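Two complexes come next, and they have one chain in common, chain A, joined by chain B in the first and chain C in the second.
Presenting the complex of A and B:
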């Protein structure tokens, strides 16, 4: 199948007078049409920065792409002019934002907010009436009665607002949808409804999705491929089965799984990762995870690990740089 | 049988709103034995936090009794209540909002000691602060730092230190880990469980995260719109949920394993209805796939379905 998005060795920094934040450090991945890729990581891992980079929405004053390319449909997003970007954004790539409470404009009706994308990307020269009709169809699609299109965001509950945000993202039939923690602000029963809806719509329209989340449960239910991010790097990348079963993992992935209380197994203690995320202005030399890693060796403190790969399953760790020496 | 530390009977808390009476907590009873953890789960707006705060008398209950060591705390005089207050403490949800940004870590942790006039000298206060900082895993070099310099996990440790410095017996933990990342969340959960063992604490643990509540609780209460819909031992409720809401809640949790990919789940439709002037009958009836007219007629009391396992549903 066609590759829709390809990111090669992308690095992004935020530079201010006082300090430089190394937010994304050399990540690469690709996404085919209709696939869902999960980006998992904790706060500050660089997930959202990656997403904003793909959309060309990085803050101009501070953010710099220092290396790499983001190829969307063969074109480099980083080198596009603002006008070209405007044509891509919202029409071909769109985003579902994390917090439905603040992502909507409180003084516009939901109908006009959904219609806005159609007005701006009106290549087919739809008439006012046709646009209204598309808005109504999209509302029904996300499970909101079309009679409610003239209501304001405050009249909707959190779950319903997230549906409106999804409707805005989907109204132009984008090729790529970036969902940035789409269900974090919602209750579990509503989360289940929204996730099912995103998956159904994706299958219907063949959209590719990047699902940004910190919840491994959400990943297991929606994603085909998974990238685990830590301190701006993808430390492990593979198919869902590689990450969730498989017998070789990055120590950070193991730590993440050890931190979740299990619903089925009895255990009195969790096995968390000790310590904290490194300060992104002063990243450690060598492996970024070394200071918290239980398997840390001498070499980890001084040299960046290379990528170990087997059938597309990639791990960035010194434990696996030479497969013959792997001890478990 | 161990001693019952906290016994809550028919607790009600209504708030007056322009639209009518909001039934935040409606006729909830439970008891917690000493040294055990009671978990309260439910979706936002179901009255979990109000329950926790009312149990600590931070809100005046509309009706019902709260017995602490067998004494009704509502009937105590102001002076007697002040003697009991240090024994009942709370850990708040948001470590970013619950600390005064103008106080240092040391001042923040010492504040409960000063308010309650526990220590006779400054040195005694400092010693106590040092000891509790060590207990909750805060390095002593952080004593002069301000909260904004610290990350969420460390701030939550300050919140825990503030709650524990008065040697309480009973602590209400209101979503203590929901604002934290998973790896930090696990550190804090382990800390809370270690402290319970060391100090013999009794917890009322409020959360919306079912895997967390299963991990830490001895007994679990599931709430829906101010009502307790199911109440049982932690293992029992996960092994054998009875109430349709509990079942739906458990089915909604995304499970981190490969088998769950694209798995069709049974979803409950709709959303939580308004808690303002609720109609009689089962509160869950509007979303329940098994609801009949009889469910909407009258309130359904808790029924014992197995020893120690209670559920409020007509079907059981």
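Presenting the complex of A and C:
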């Protein structure tokens, strides 16, 4: 299958006069058509920064891409001009935002907000009427009666608004959909509905999805591939099976799973990962996870681990990497 | 359906506005004053304003001349009624122009930030150092005294305040997620400013504009009073006051009536502005 998105050694920093935040540090992954990739990690791990980078929406005043490339359909997003980017955004790549309560413009009807992307990327020269029709179809698709298209966002509940946000993201049939914690702001019953809907629509249209989340349950339900992010690095990357059932894991992944209550095993306490994420302005010299790692060795404190790889399952840890391979 | 929604939103605002009795009083006053300006010719013909009757000089109020007559025997009532046209026109036109200029400059400054913001804001700071009335005076002195230049002068003095206000509301609105979302589906900057940012920042802007109409009328009256505004024989309210000062002790009504009208209209706009502040605030939706 065709590769839609390829990220190579991407690093992004936020630089202000006072400090430099190393938000993303040399991540690489690729995504084929129709695949879903989960990006999992704690708050501040650099998931959203990666997503914004793909859209070319990093805040211009502070953010810099210091190395790497983001190839979308073979074109480097970082080198595109603003006008080219405007053509890609919404039409080919679109994003579902985290909080449906704030992601909709309160003064426009939901119908006109869904139609906005169609109107902006009107290459097929649809008439006003055809746009209206597409809007109605898309609304029905996400399970909202089309009669409600002339209502304003405040007349919808949270779950319904998230459906509207998804409708906006889907209306142009994008090749790549970035879902930034699409269910975090919703209650559990609605979460399942929304996820099922995203998956159904994805299967129907062959869209590739980057699912950003900190919920491993969501990943298990929806993703083909998973990248576990920590302090701006992908510490473990593999198929869903590699991550959930494989026998080799990054200590951080083990920690993540240890923090989830299990239904099958009897355990009296959860095992949270001790400590906090390192300050992204002063990252540790060696392995970024070393200060919190139960398996921390001497070498971890001074040298960055290389990547151990087996059948596409990658782990960035000294426990596995063959010392000869330790380059970076 | 669409019309219906719009309609209910408007009636919602009106319902909240109606609760505020003083705001309704202001609204009634405003309707009367605008009505007077619109139907001035029906109420009393313009010829009455300039017709000089030697026998009727400086008459007190009577049935023949409701507000009395001035030193040339012109009917003050007719002059006040027709004067409302000048005053209202100046107030509305200058506020509208200042709004448009302020919106474009303020929104660009707030939305783009950086160099654009710095250049616009520093220039406005310079303008703000000069007291508004002096600024207007300087513009009129440079361009010459006539109605057009008066309007330009007053607009110029009002723009910096508008730019600051609009910049600050745009700054907060531009941070909202829906603006980011709009960017994510490829909306251009201009479209974001006019469809996403400004409409959401409209509440404080509308309120400020209604309030500023009365300020504009007062500065027009002030400039006319010192002879830099509307020139005689045109019956502008400030010009009427200016004339009247010589007869302060012999014919105080000459001062009283235009004064009351200036006061009432400026009060009306202020009350309406106050009422709108509450009616447009979505947080007070009940």
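Basically, the second predicted complex is superposed on the first by the 321 of 328 C-alpha atoms of A that agree within 3 Å, B and C clash if a C-alpha of one lies under 4 Å from a C-alpha of the other, contacts with A are read in each partner's own complex, and residues count from 1 in each chain.
Keep this in mind: a contact is a pair of C-beta atoms (placed from the backbone, for glycine too) under 8 Å apart; a residue touches a chain by one contact, two chains touch by 3 or more.
All values derive from a computational prediction rather than experimental measurement.
For the composite obtained by overlaying on chain A, chain B and chain C can both be accommodated side by side without a clash. Set against each other, chain B and chain C differ in how many residues of chain A they touch, and the higher count belongs to B. Seen from the Cα centre of chain A, chain B and chain C lie 80° apart once the structures are superposed, a value rounded to the nearest 10. By the touch criterion stated above, A:152 is placed in contact with chain C alone, chain B being left untouched.
Looking at the shared chain after the overlay, A:297 reaches neither chain B nor chain C. Judged by the touch definition given at the top, the superposed model places A:42 against chain B, while chain C stays out of reach.
No C-alpha atom of chain B lies closer than 8 Å to any C-alpha atom of chain C in the overlay.
The part of chain C that touches chain A in the complex is made up of residues 1-2, 5, 113-114, 176-178, 180-188, 191, 195-196, 199-200, 202, 282.
Chain A contributes residues 42-43, 157-160, 187-193, 195-196, 199, 214-223, 240-241, 244-245, 255-263, 267-274, 276 to its touches with chain B in the complex.
Residues 55, 57, 61, 85-91, 94-95, 97-99, 102-109, 116-117, 120-121, 147, 150-152, 165, 168-169, 172 of chain A touch chain C in their complex.
Touching chain A in their complex are the following residues of chain B: 43-44, 151-153, 181-187, 189-190, 193, 208, 210-212, 214-216, 238, 248-249, 251-258, 260-263, 265, 267-269, 271.
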